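Next, two complexes with chain A in common: one pairs it with chain B, the other with chain C.
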Partner chain A sequence: MRLINRHPNPRLARVLTASPFVAVAVVYVIASTIRHAANPDDKLLPTIAQMGAAMWRMAAQQDMESGDYLMLNDTIVSLQRLLLGLGISLAVSFAIGVSVGMIPYLKRLFVPFINAFSMVPPLAILPILFIVAGIGETAKVSLIVLGTAPYMIRDLILRVEELPRPQIIKAQTLGAGDWQIALRVVVPQMLPRLIDSLRLSLGPAWLYLISAEAIAAENGLGYRIFLVRRYFAMDIILPYVAWITLLAFFADLGLRWLQHAAFPWFAGARAQ
Partner chain B sequence: MGSSTLSRQNFLRGGAALAAAAATATKATPARADVKKHFKLAWTIYVGWMPWPWAAEKGIVKKWADKYGITIDVVEVNDYSTSINQYTAGGFDALTITNMDTLAVPAIGGVDSTSIITGDYSNGNDALILKDKTSFDAVKGQKVNIVEYSVSQYLLARGLQMHHMTERDVKLVNTSDADMAAAFETPAVTAVVTWNPIVLQILQDKKAHEVFSSAKIPGEILDLVIVNTPTLKANPDFAKALVGAWYETLGIMLSNTPEGEAARTEMGKLSGTDLAGFDAQLKTTYLFSNPAKAAAFTRSGKLVTTMEYVRQFLFTNGLMGQGASSADVVGIEFPNGKILGDSKKVMFRFTDEYMKMAASKSL
Partner chain C sequence: MSVLAVRDVWKLYHGRPVLERINAEIGEGSFVAVVGPSGCGKTTFLRMLMSEERPDRGAILLDGLPLPLEPTHDRGVVFQRYSVFPHLTVLGNVVLPLEFARSRRLGKLFGIAKQRAEEEARTMLEDVGLTGAAPLYPAALSGGMQQRLALAQALIRRPRVLLLDEPFSALDPGTRADIHALMKRLWRETQMTIVMVTHDISEAFRLGTRVLVFERPPVQPDGAQGGAVVTHDIKVHERNIDKLQSRRATPTGDGPGAVSVTSRDDLATA
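And then the complex of A and B:
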């Protein structure tokens, strides 16, 4: 039998899924043990126990200065920024994407500009962003919007253009106007695609969030990582990175579930 | 004092840095080092450290290395924090670093280090700048943009202490040094603590007033060259070559000759400025050009007092490691044999031995 036709049984599949994770963990523990044998205070590869202790301090104990639970506080603040940024991106890209995708005049007017603008690396024009948006919360949210919205807009325009032409013609034959076509034909089909777009934007959104928090902040997950990096506290950085990965993973999972639950027909439509 | 660029480029380079860290991961720092012939010194851009790349370029480092039959790589690291972390992870034998950061990172991280050169101290290179206000007391209640946990925060803490305030009287906003000057231009930013050349740049703004600087705490923010202690013990020639090259270079650059001016011009260029800009930064840097004076300073009781301030500052800010019950968790040893902290766990040593050899021309 050809290799491409052979499938692992369910139990083996689970083992295969777990093995790279286990391998990384084992390599880590070995390397960490070697370094700690040479230097018990090694900072580069903290032991699992050290990371546990650091997390206990960050997550379960109140900060002496502020009385906050730092990790909880960082997480809430970062998620607020992320949600606000992505929310704005979503709204903007939906409005622009659908209208530009449908209307030839707008397409002429905006598509080349959006395509060019989406190529501008937002991090390279930060000083301008500072002048426009300050260096507070507005700037952080703006950076996320600037980093994710152009991509989502372009994506949505393409998705609108991909709609089968006969659908639009049929709707017109049945007497639908611009608004009716937009609301009854285009928008319902774009909503699940918007979730796809959002899922793919989660990665860049985290990247921009953490960049923004590295530049100027008083709290947040990225702030903490860049702060403790100054004294090489990998015992805090590594668990924070794992936590961010976990949050991003569950956000992705949540969106996939939402797509499945709210638009059950979409899986079939995509398969065509 | 050091310049970290916690900047965008570096954020993106983080991946590369991590890969490099992983490469050194299994190369643990040995407790007893072997005799070896090849060494690496890491440096970052800062006025007090620019002699290194220049000396390397002009063959002065090679000349001294040859004299002792060794080779020395002088490696630029583009981010100060990364250079410290790489040194602590075992990637370099020697490093340009401040006294505070030596204690906070390698020493707390169990990497025994010896300072062989007391190079200079910040004499105005680090400053607190207020917008539209001219007195220190006006900082009370303000948000202060600062690279947290850097020498800037030490400077601020000392200033507050001298004006009968504490860090609780201000609110710190961690801000990347790369963006400090741009941040100052925004209306919401009214107070910053930063270092040169950013200080000079910000002070060009008429609204900016310097209300405190490291000139008020001379000799406390020290720029050193540290060497991994086991490596140093096994290879004292490495330190001799470094110290020899250092004082020869200082002799040239500080001389009032066309040669000296040419050297400073090139150092300025290497650090992204010109002769005027470099000389302006030199003015606020007290370079120990005379090895005898550097050695005497390293032996002085003043250094012990300074390190006491520094370790208390680090302890107060939780930078002495997890579960540290006092600032005594590691020991700091001085040339006269005095030890601050745990004498069984000395991780930071000052020596005047090599500077004395330079002074007596016995290198």
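And then the complex of A and C:
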């Protein structure tokens, strides 16, 4: 049988899915053990126990100076920035994407500009943001917005344009005006697509968040990683990276679930 | 007076004529079938009737007035595909036109008004035999059911004219026969005017009271080609068709019962 027609059975499928994760973990443990055998003070590949101890300090014990639970605090602060940035991006891109996608005048006015603007590398204008907005929250949130909104806007405009023309004509022959077409035909069909767009933007959003926190912040997951780097504290960095990855993974999972639950028609419509 | 009057209409694409000197007076309550070879401009003709395209020359009148510049609710349409909204249930698809009419701002009804609209929509669904499918999304429907839904949706606001572009050509013969019977019944009950493009000659004669044949002239030696003209305008007398069908138990009527063929060469060369 051809490879393209061969499918693993459910149990084997689960084993296949798990094996790369297990492999990475096993390789790490072996490598860490070897290094510690050679040099008990090795900092590069901390043992699981060392990382566990570091996490216990970060997550479950109050910081001596501030009295905060550092990891919890970092997580909350970072998620706040991330959600605020993505929320603004989402609102802005939804409003602009739908209206520009629908209205030829706006298309002429904005599409070339948006296309040009989206080529500006957001990190390159980070200094400008710090100068204009100071090094507070505004600059960090703005960076996330600037980093994700142009893509989401362009994506949404394309999705609106992708709606079959006959559908829009049909709506008009059923007596719908601009507003009605927007509210009943375009917007409901764009919501699940917006979730797709958001899922793809999560990666860049974390990138910009951590960049901003690395450069100027007093707290946050990115700040912490770059702070403890000075002490070569891999036992904190690695679990933090894993934690960020886990958060991003569950955010993605949650969005996928939301799309499925809130727009039950979408999978079928997309398949057609 | 004719509902639709097409007067010396030309349509050019990239400077080349696709349709030339099209003339047709379409009377109230008639069922006009448009046939012709692929690429001769049937869809283009229909798109002009729904104001999706504009003629380059000539005029189209609706009830004696110039056609509105954009699609309006007096001309319903059913396409071969993409005719229903994938994000609305079957019931939602048929309620939608009523919501457009009754809620100018939001296009959405609530409470009693919504219930009333849903009742009307259910009656319409019953008419096209989709009662059981009301809560389903279109993706879960067969092609024939989707087209019946599209008909129900287009008919619920009782358009003056119904424009159909090969609405049944993707259906299997059995389904098509069912939907033909449905189409005929709906047309008789509402007395609306229908223009239907089809590839299927037998469908044209079975349903139409009149068949318009579009054809392009052969390509000239220098590569130039004129636009399609109406080569035949065939009156299929509705009463005769009815008699023919009531005499037979099963309507297999491939041939037109009694047709009078009026050659429109006079028009074409005018």
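Here is the rule we go by: the second predicted complex is superposed on the first by the 272 of 272 C-alpha atoms of A that agree within 3 Å, B and C clash if a C-alpha of one lies under 4 Å from a C-alpha of the other, contacts with A are read in each partner's own complex, and residues count from 1 in each chain.
The rule is simple: a contact is a pair of C-beta atoms (placed from the backbone, for glycine too) under 8 Å apart; a residue touches a chain by one contact, two chains touch by 3 or more.
Computed from a prediction, not measured in an experiment: that's the story for all the values here.
Novice: Determine, under the contact definition given at the top, whether A:112 touches first (chain B), second (chain C), both, or neither.
Specialist: In the superposed model, A:112 contacts neither chain B nor chain C.
Novice: Of the two partner chains, chain B (first) and chain C (second), which one does A:52 touch, if any: first, second, both, or neither?
Specialist: neither
Novice: According to the stated criteria, A:203 is in contact with first (chain B), second (chain C), both, or neither; which is it?
Specialist: neither
Novice: Looking at the overlay, does A:235 come into contact with chain B only (first), chain C only (second), both, or neither?
Specialist: In the superposed model, A:235 contacts chain B only, not chain C.
Novice: For A:8, select first, second, both or neither according to whether it touches chain B, chain C, the two together, or no partner.
Specialist: Neither: A:8 stays clear of chain B and chain C.
Novice: Answer with first, second, both or neither: which of chain B and chain C does A:254 touch in the superposed model?
Specialist: neither
Novice: Common interface residues of chain A with chain B and chain C?
Specialist: Of chain A, no residue contacts chain B in one complex and chain C in the other.
Novice: Could you pull out which chain C residues touch chain A in their complex?
Specialist: Residues of chain C touching chain A: 50, 52, 70-73, 75-77, 79, 81-88, 96-97, 99-101, 104-108, 137-140, 153-154, 157, 159.
Novice: Report the residues of chain B in contact with chain A in the complex, numbered from low to high.
Specialist: My answer: residues 4, 6, 8, 11-12, 21, 24-26, 28-31, 81, 84-85, 88-89, 104-105, 108-111, 145, 147-150, 168, 171-176, 179, 182-183, 185-189, 318-319, 321-323.
Novice: Looking at the complex, which residues from chain A come into contact with chain C?
Specialist: Against chain C, chain A makes touches at 164, 166-167, 169-177, 179-180, 183-185, 188-189, 263-266, 268-269, 271-272.
Novice: How about chain A: which of its residues touch chain B in the complex?
Specialist: So the residues of chain A touching chain B come out as 31, 34-35, 37-45, 50, 53-54, 57, 64-65, 123-124, 126-127, 130-131, 134-136, 210-211, 214-218, 223, 226-227, 229-232, 235.
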